[in-house]
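Below are two complexes that have subunit A in common, paired first with subunit B and then with subunit C.
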Partner chain A sequence: MSFTEWLDRNRDQVRELAIQHADLCLTAVVVAGLLGVALGVLAHRSRLATAAAQAGTSVVFTVPSLALVGLLIPVTGLTRDTVLVMLVLYALVPIVRNTIAGLRSVDGAVLEAARGMGMGPVRLLLRVQLPLAWPVILAGLRVGTQLVLGLGAIAVYVTRIGLGVLIDAGLARFGMPNSVNQALAGTLGVAVLAVAFDLAWQVVGRLTTPRGIRA
Partner chain B sequence: MPDRTDAGRPMLRLRELTKRYRGQDRPAVDRLSLDVAAGELMVFVGPSGCGKTTTLKMINRLVEPTSGSIELDGEDVTHVDPNRLRRRIGYVIQQTGLLPHLTVGANVALVPRLLGWPSARVRARVDEMLELVGLDPAEHRDRYPRELSGGQQQRVGVARALAGDPPVLLMDEPFGATDPLTRERLQNELLRVQAEVRKTIVLVTHDIDEAIKLGDRIAVFGERSRLAQVGTPDEVLGRPADPYVKRFVGAGASLKRLHLVRLDAVPARPFPTARVTDDPALVRDLVVRSRSGSVLLLDAAERPVAWVAADDLTPLPADLAGVGLPATATLTAEATLHDALDVMLGTDGAGVILVDGDGRFRGVVGLDEVMAHVARLHAESRRHDVAAAAALGSAEGAA
Partner chain C sequence: MSGGGRGRWAGLAARPLVVALLLGGLWLWLRGQELDSIERRTINADYLLRATREHLWLTVVATLAVAALALPLGVLLTRPALRRVAPGVLTVLGVGQAVPAYGVMVLLTLRFGVGFRVAAVALVAYSLLPVLRNVVTGIGQVDPALVEAGRGMGMSRAAVLWRIELPLAVPVVLTGLRTAMVIGAGVATLATFVGAGGLGDIIINGIKLGRTPVLVTGSVLCACVALALDWAGAVAERALSPRGVS
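Right, the complex of A and B next:
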């Protein structure tokens, strides 16, 4: 059976798994985004906190994803939550890093002038620092999203959700009829989601980046 | 030159102001006391690292003083809420610090918005300020800072600092990053704006020429904010308080003083003139009889057109249009002796033509008149030096 034929027959299952996958990853990105920007904002002011936040998030990268899952299972069990926590932890790495880098890249003269005009710290953050750091933060969110979409495929080892289900099944039955089609559908599905999410980020970026600082 | 206003009440009083940065054993600013009168443009000048910026930033509390006090318009502001204070003090820095993600209009509107002005008033104020600094509001209001030239950005910085109508304006090397031509234009504009708004301005520079040009008074800083001299530009140039100031003011102090003398301070010579429409033969008679051997031709509106000499009139032309050397070296009475000298050296040294605001001929200023004035300045300085030496001598004698 050709790939398109196979896809046509299993359309409903593929669509459902893709939606699960997208839902899982979107949730992870939103949570990691809020958490990561908040952490970055808190950390960027002090060199020590910056170092701590960066070291903390980097440690996540050094732990193999399956090992991380293994560590989490005793706490959250074989649930979607375990996967979610793992994905959030990974997504935090680029988001926190970029938030800190973005905030630090804001021109000191701009901050001094804004302060000199009587902007307090909260106003400064919301009206000056975050808007100016936004393109860099956005880049972190994009990288985090890609990371989460790829890693989302290993959710299947915890609980049977997401496009990983197709990849896992295809590989497990390798050599059997349609096993390649199945694995290919899972892999391509992730790629399509990745492209779609990235396009979405580009639209968001376009709409939210002030014209004065657009590249 | 700007008039002195130190007779007025002080708008700013700095008392024993001291800043000791953490981890430094010597204070960056050490017990500095200084008054700045309302409406006065005070320039801080001094070598790098002498604490000019630190002093300036203590006034708007971007740097918290270690000790000492600051009074703004009679009120002790050393411990008031800095954000409120800063909305009453305009701040202009060299790098402009315009918010790049906001339009020019929004940048100018920042402080008025922080002050809670109604939006119609804010809008009107933005346009008023842009006009004040010579930017067409319709054309520039909706642009982003990066779409402006450096000089235009600096103008927006000034407009923004003035928008909240603060009584005090602090400027830290506002024109330091611009090319000489732009810098001169911005300096002239600042003087024009200041004549209009009469703010109390403290401006930092390390360019003594800029200080001389802009300052009603100059504070010459030495090491660690020691105030070596505070005085009018003429005092600092003509009667430097000590060898340090003398060295800082540099060679050519007498040349620099020419910046401070307006052309109307020296007598302009009358000069034989004729109309372009006059009979060439009559003009030739005039030339022959004139002491300088030339006559200045004026047009119907009495504006200088050309110098004509006997050579230009032999053979006698049918009419005087296009005859002679074009008379381009004109200056108004607001120009300085320095400008005049510059023009004279640039042309053939004959002299500059003094015109009024409408370009009408008023007289001629020659090298002789300028030199006579320089000689007077020199004599004054020498008298001062002799007096100072005498005072020093008697002080030493007493000790």
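Right, the complex of A and C next:
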């Protein structure tokens, strides 16, 4: 059976798994986004906290995903939560780093001017620092999203969700008809989601980037 | 990856410490466990060393292959004739990066069978891009005035490449290779799914048998190997960068 034929017959299953995959990854990105920007805001002021955040995130980034999952399973079990925690930890890496880098790149003279206008620290953060750092933070969110979508494929080894299910099924049926079609559908499905999410981020970027700093 | 000077040193010192703590903690914890016969089949020095060796071997072979492929390719892409297409090539490869490693590994296996070679090819496919990108960036950032000066001194194009462009690109290229090695160590855990061994075997055994000690041992060893490789890469970056180039 050709790939398109197979896909046509199994459309419902593929769609359902793709939605699961997207839902899982979106949740992870939203959680990591909120947490990561908050951590970045807290850490960017102090050199020590920045160094600690950088060392911490590079350790997380170095640990292979399967190993991280293996360390989480004894705590949270073979559940969706385990996968979610793993994905959030990886997504945090680019988001925290870029938030810190973005906030640090804000011109000191601009901050001085804002303070001189009588802005307090909270208003300064919300009205000046975050808007100016936003393109860099956005880039971190994009990288984090791509990372999470790819890693989501190994969720299947914890609990049977996401497009990894198709890849795993293809491998389990090694040598039988349609095993390649299944694995291909899972693999390409993730790639399609990755492109779709990236386009969505581009739209979000257009809509949310302050007019004065648009490229 | 590189913060200020202090952050970099902190990172360099922190990694061996984390590895030592992880391994020490694992050893103490395992000593306190009563291992049953199934667990002992995995948690013994022979088996653990073999899996670690397989894992390291796979990662190192793939990293060397990536270096052998990416360096000439990167040099080609920065020659005047091809310089224009370089961004396009990198973008196409970047899109390829969004394809999950697990899927690529499985598809290669379904097509070519199980084993070390297929796993190595998947590793190479995954870690080629960061190295290639860094070779192109590294050579691209060399000040054109220096290349001009070299030519003016009567150096041939090849001499300019060997004596000016490549040495100046070394730090960026090494950073790329280090990233590739870490990605490789991660993808190598997936080699277990295609019968190529490695530490992923232990992790998957642990999950499938529901044996926490096996699972934790595999995961901790795997994390330690990746952290140690990353640390070795960082040290090599410092040691191998030509003097006067930071």
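What we mean here is this: the second predicted complex is superposed on the first by the 215 of 215 C-alpha atoms of A that agree within 3 Å, B and C clash if a C-alpha of one lies under 4 Å from a C-alpha of the other, contacts with A are read in each partner's own complex, and residues count from 1 in each chain.
The criterion applied here is as follows: contacts are C-beta pairs under 8 Å (C-beta built on N, C-alpha and C of every residue); 3 or more make two chains touch, one makes a residue touch a chain.
These numbers were taken from a predicted model, which means no experiment stands behind them.
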Report task. Could you tell me whether subunit B and subunit C fit or clash when both sit on subunit A in the superposition? Result -> fit
Query raised in the report: For A:M176, is the partner it touches subunit B (first), subunit C (second), both, or none of the two (neither)?
Result: neither
Requested in this report: State whether A:M1 touches subunit B only (first), subunit C only (second), both chains, or neither.
Outcome: neither
Report task. Could you look at A:A55 and tell me whether it touches subunit B, subunit C, both or neither (first, second, both, neither)? Result -> second
Requested in this report: Would you check which partner chain A:M117 touches, where first means subunit B only, second means subunit C only, and both and neither mean what they say?
Outcome: first
Query raised in the report: With the two structures laid over each other on chain A, which partner does A:R211 touch: subunit B (first), subunit C (second), both, or neither?
Result: first
Report task. Report, please, how wide the angle is at the C-alpha centre of subunit A between subunit B and subunit C, in steps of 10 degrees. Result -> 100
Query raised in the report: Which chain, subunit B or subunit C, is in touch with more residues of subunit A?
Result: C
Query raised in the report: So, does A:V203 touch the first partner subunit B, the second partner subunit C, both, or neither?
Result: neither
Requested in this report: Considering only touches as defined above, state whether A:R47 meets subunit B (first), subunit C (second), both or neither.
Outcome: second
Requested in this report: State the minimum pairwise Cα distance, in Å, between subunit B and subunit C in the overlaid complexes.
Outcome: 19
Query - Overlap of the subunit B and subunit C footprints on subunit A, listed as residue numbers - result: none
Query raised in the report: For subunit A, which residues count as touching subunit C in their complex?
Result: 47, 50-52, 54-55, 58-59, 61-71, 73-74, 78, 146, 149-154, 157-158, 164, 167-168, 170-171, 174, 179-180, 183-184, 186-188, 190-191, 194-195, 198
Report summary line: So, in the complex, the side of subunit A touching subunit B is made of residues 107, 109-120, 128, 131-132, 210-213
Report task. Write out the stretch or stretches of subunit B touching subunit A in their complex. Result -> 60, 62, 82-87, 91, 93-103, 110-111, 114, 144-146, 157, 160, 170
Query raised in the report: Tell me, which parts of subunit C touch subunit A in their complex?
Result: 1, 3-4, 6-7, 10-11, 14-15, 18, 95, 97-104, 106-107, 109-111, 182, 185-186, 188-190, 193-194, 199-200, 203-204, 206-207, 212, 215-216, 218-220, 222-223, 226-227, 230
